[in-house]
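Quick heads-up: structures coming right below.
One chain, chain A, appears in both complexes that follow, with chain B as partner in the first and chain C in the second.
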Partner chain A sequence: MKKSLPPLVLLVVLVLFPLVVRDNYYQHLMILFLMWVVIGSGWNLIAGYTGQVSFGDAAFFGTGAYAAGLLSMHLGISAWWGMALGGFAAVAIGLPFGWICFRMRGAYFALATLALNEVMRNAATIAEGFTGGMVGILLMPTFVSKIPYYYIALALAAASIACVRIIASAKLGYYFVSIREDQDAAESLGIDTHFYKMVSLAFAAFWTGMAGTLYMNYMGFIDPSVVFSLHDISIMAILVGIVGGVGTVYGPAVGAFVMIAVQEFFRSGFFGFFQGLGDMTGISAFLSLSGLLKQGHVLGFGILVIVVILFLPNGIVGDWEKIRRKVFRLRPTGEGA
Partner chain B sequence: MQVFLQVAVAGVLKGGLYALIGIGMTLIMGVMGIINLAHGQLMMVSMYVSYVLFSSLGIDPYLTLLVSMPALFLLGVVIQKFLLNPLMKAETILPENQVLMTVGIAMVLTEIIRFIFKSDYRSVTTSYSNATFFVGGISFSMALVIAFFIALAFTGAMFLFLVKTDLGRSIRATAQDKDAAVLMGVNTGRITVITFGLGAGLVAAAGTLLAPVFYIFPDIGGPFTAKAFIITILGGLGSTVGAIFGGVTLGLAESLGATYLGMDYENIIGMTIFVLVLLFLPGGFKRLTKV
Partner chain C sequence: MAFFRVESLVKYFGGLAAVNNVTFDVGQGEILGLIGPNGSGKTTIFNMITGYHRPTSGRVLFKAREIHRLPTFRICKLGIGRTFQVVKPLGRMTVLDNVIAAAYSRAGTTREAREHAQRTLEFCGMAPVRDQLAKSLPIAGRKRLEIARAMATRPDLLLLDETAAGLNPTELVAAIDLIRKIRDGGTTIIIIEHIMHVIMTISDRIHAINFGQTIAEGTPREVAADKAVIEAYLGKDYA
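== the complex of A and B ==
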């Protein structure tokens, strides 16, 4: 009970958030954050728990987004129906892929997912008659206010975390972890590793696809280079996973928060701080610093990855004890004073 | 038939350079067992080194090899020594941390270059950039032919180095069995550093040789990283001969595909070959030739 208290408090805070903060900008950031929690949780299941690192999450994300977009484009029905279909469309892409590619291990599998990512993007670009090609799909947003989107995103994020949590404490989770730790040992204990890797991939693809449909409905515009982007989706999903902590239930949530914060920190030039400072004091150095920060958000990501891997290889949640010891100079819990 | 020959020639020439890229990658993969996802970005850096020397000092791009290769060798040494080797000891959940690290390095390299040079397209235009000559009705790009032969020379030199010298033998020993190599008195820590440096130096050569042919921009690295691992998988991990075959195969397939299927398919072809090879010939050409 004690362990589930902080997440519940956090959930209540998140439910109340849009009622307190009316600013569209912060609501937008929170929706993005919640979307990344969903994607991060999906990635965490396949990579963090099962140990099959995926470099191609965008393949599932894009499939989900296109499932929703194409429904509305070809059948003329609301893209919200994509919510019912998008996750399963991603699973439908993921399962045949997994059936073929899970014979490969470790880095080979990672490369195959990367290839899937590229193939999907190129396929969506070439099939112009069906997907609209580079023109993309444009939808009219259903709601003017951001609040409905916020609650839908929150529901998805909460559901994805609950899903990871239930799996992690069930037999299935132990199967996944055993595959990650030693596939041969798992096999020799009678675990059908090929089957359970597919199960894990199905969950991951489902949640990533759901995030894709949310993106389609919320943003109202997709094209292949946006939703099948290697850097903006696949690599970002990995960053969310490793910054937060692989193989932890709440890691992706922490990672998503940090990544969105860092992204906006750079994109807005320290939230306009240096811009304001420059305008106020009239010193042009602050203005150029603000400009540099705006350009450097990918550089910031890169440096963050290097620093996190070097010093916190298990992520913020995974290495929390280490952070407590080093930064706060506290002793690990349970040892006593 | 004329078209086919023309396309085949273009493909083989391009393939020679791909081979050079692939050898660097396959060395790193063989010795360290990691996929270097910053490989194309290292090549991009070397292209900029050549570009700067060419545009500011007017040095012929082929002479800048003397600068770009040592510079990238050093960069590779620094990356391996200070960023990748420390990860070997760390206890982590995911064994792929080193690969993720190279992703971070790739991002940092690309963005630093973008910071300095902006995203503009640059070109190294020499008198022979667009020159061609004809043999039996088939046109040969002068720049690509020169690059092809220099690439061949480097490939041959690398092969001799790996087979004949002590250091080369140590590298191959480390690739075959790290523990056994340590027992035989090979300083594997140093070997990994040298190998990464060599890999970076080779891809730097490819970058400089391609500088007169391609437009240079910060994002050019990504597609070449993809090509590099396709070549490596095609050829078989750690196989130098395989990398040469893989490079030429990819070059040919891309040229033929672009001509007979359409430009759109050029990228898909590489990826499709990659998946097919992983499925039906895991281990790549190495399995067929046993070299």
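== the complex of A and C ==
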């Protein structure tokens, strides 16, 4: 019970957040953060628990987003219906792909997911009559306020984490981790590794697709280069997973928070620090530095990943004990927790 | 009909005949020793029995059923467990979790799997280390974990691939005791072993192969006296 207390406290804080913080900008960031929790949780299931690293999460994210957008565009129904279908649309893409590509192991499978990502992006671009091609899909937003989106995102994030948590302590979790640790050994223990990899991929695709439908509804605009983006979606999903801690229930939540924070830190030019410094001192070098930093959030990701891989190979959650010891100089096991 | 039978088994890797026309039976409750010099095809036979390799020709029959075309996990569910010569612990899982993962193959619920895994660990004498990570075990522990994991799938036939290799004399005695205990529990065993002391003491029968072909079969005493076996192990001068 001790262990479930901090997440519950956090959940309460998150429920109260938009009531306390009225600023649109921070609400927007929190919605993005929650969306990334959902994507990260999905990626974590297939890559973190089952060990089948995916470089192509955007394929599922974009499928979810397009499922919602296309329903609205062609049938004229609310894109929220897409939330019911978007996850399953992503599963429908994921299962045949997995059935074929799970014959490959390790890096070969990862390359196949990368290919899936590109195939989906190109398909969405080329099929102009159906998807609108590069023009994309534009929807009128349902709500003016960000608060309804926030709570929908929060519900999705909480559900995805609950899903991972339940799976992790059940037969599926044991089977997924067994496959990650040694696929041949897992087979000899009566585990149909091909089947369970597909199950894992189905869950991952479902949650990633759900995040996609949320994106469509919230942002109101999608085009192939946005939702099937390799570096903004697929790579970001990997970073969220690795920074937070692969194969841990709460890793993606922590990873999503850190990544969104780092991204915004750079995008805003260290919260306008150098901009202000430039204005104050009149030295133009500070202004151009600020301009560079705003475009350089990817550099921040790079540095962060290097630091994490060097010092926290199991991610922030996976190496939490190490962080406690090093930073807080506490004794290793959880006294007073 | 034999409990378990390997019939005219052949396996080619490219042009190399790794296993060439091997036939043997195993009766229920028996311990069959499979011996032969390095590279003679013993592990390949195990890999064919458990579905990791498809035989080039020949059949594997278990409880009157052809199993050589089945996938590995299904062979496990039919009741054949195996250990790996090059141990494959699920490293970042605890010893208990390793065995729970195996126990699920015969359990409906997590509680059943957990209880069965606990009993299996006690049976194999691994209860004291159950909360250690599998990768932190020394080699004797890893070999024993292989057995515990295979036993948790409740096999009727257990294939042991050099589970005594690399053990010190004390650990060896313990390993022999465990194998006997498993047989007394009603499990049939085929064992590959290089340590003659082990194979001679526990086998009911021994099947010897060299270059993928059968060279002798019989009781331990008969096989130890067999000219072809002595030649295979020690060279022509001693035969």
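Here is the rule we use: the second predicted complex is superposed on the first by the 325 of 337 C-alpha atoms of A that agree within 3 Å, B and C clash if a C-alpha of one lies under 4 Å from a C-alpha of the other, contacts with A are read in each partner's own complex, and residues count from 1 in each chain.
Methods note: a residue touches a chain if its C-beta (ideal position, glycine included) is under 8 Å from a C-beta of that chain, and two chains touch if they have at least 3 such contacts.
What you are looking at is a predicted structure, and each value in this text was computed from that prediction instead of being measured.
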Checklist entry - Once the shared chain is lined up, is A:188 touching chain B (first), chain C (second), both, or neither of them? => result second
Item to check | First, second, both or neither for A:318, with chain B first and chain C second | outcome: first
Next on the checklist: On the A-aligned overlay, A:170 touches which partner chain: chain B = first, chain C = second, or both, or neither?
Outcome noted: second
Next on the checklist: Applying the document's definition of touch, where does A:178 land relative to chain B and chain C: first, second, both, or neither?
Outcome noted: second
Checklist entry - By residue count, is chain A touched more by chain B or by chain C? => result B
Checklist entry - With the two structures laid over each other on chain A, which partner does A:96 touch: chain B (first), chain C (second), both, or neither? => result neither
Item to check | chain A positions touched by chain B in one structure and by chain C in the second | outcome: none
Next on the checklist: For a test of understanding, state which residues of chain B touch chain A in their complex under the given definition.
Outcome noted: 33-35, 83, 86-87, 90-97, 99-101, 103-108, 110-112, 114-115, 222, 226, 229, 233, 264-265, 267-268, 271-272, 274-275, 278-279, 282
Checklist entry - Which positions of chain C touch chain A when the two form their complex? => result 50-52, 71-74, 76-77, 81-82, 84, 88-93, 97, 100-102, 104-105, 110, 113, 149-150, 152-153
Item to check | Touch list for chain A against partner chain C, complex | outcome: 169-171, 174-175, 177-178, 181-182, 184-193
Next on the checklist: Looking at the complex, which residues from chain A come into contact with chain B?
Outcome noted: 47-48, 51, 53, 100-101, 103-104, 106-108, 110-112, 114-115, 118-119, 122-123, 125-126, 180, 230-231, 235, 238, 242, 246-247, 292, 295-296, 298-299, 301-306, 309-310, 313-314, 318
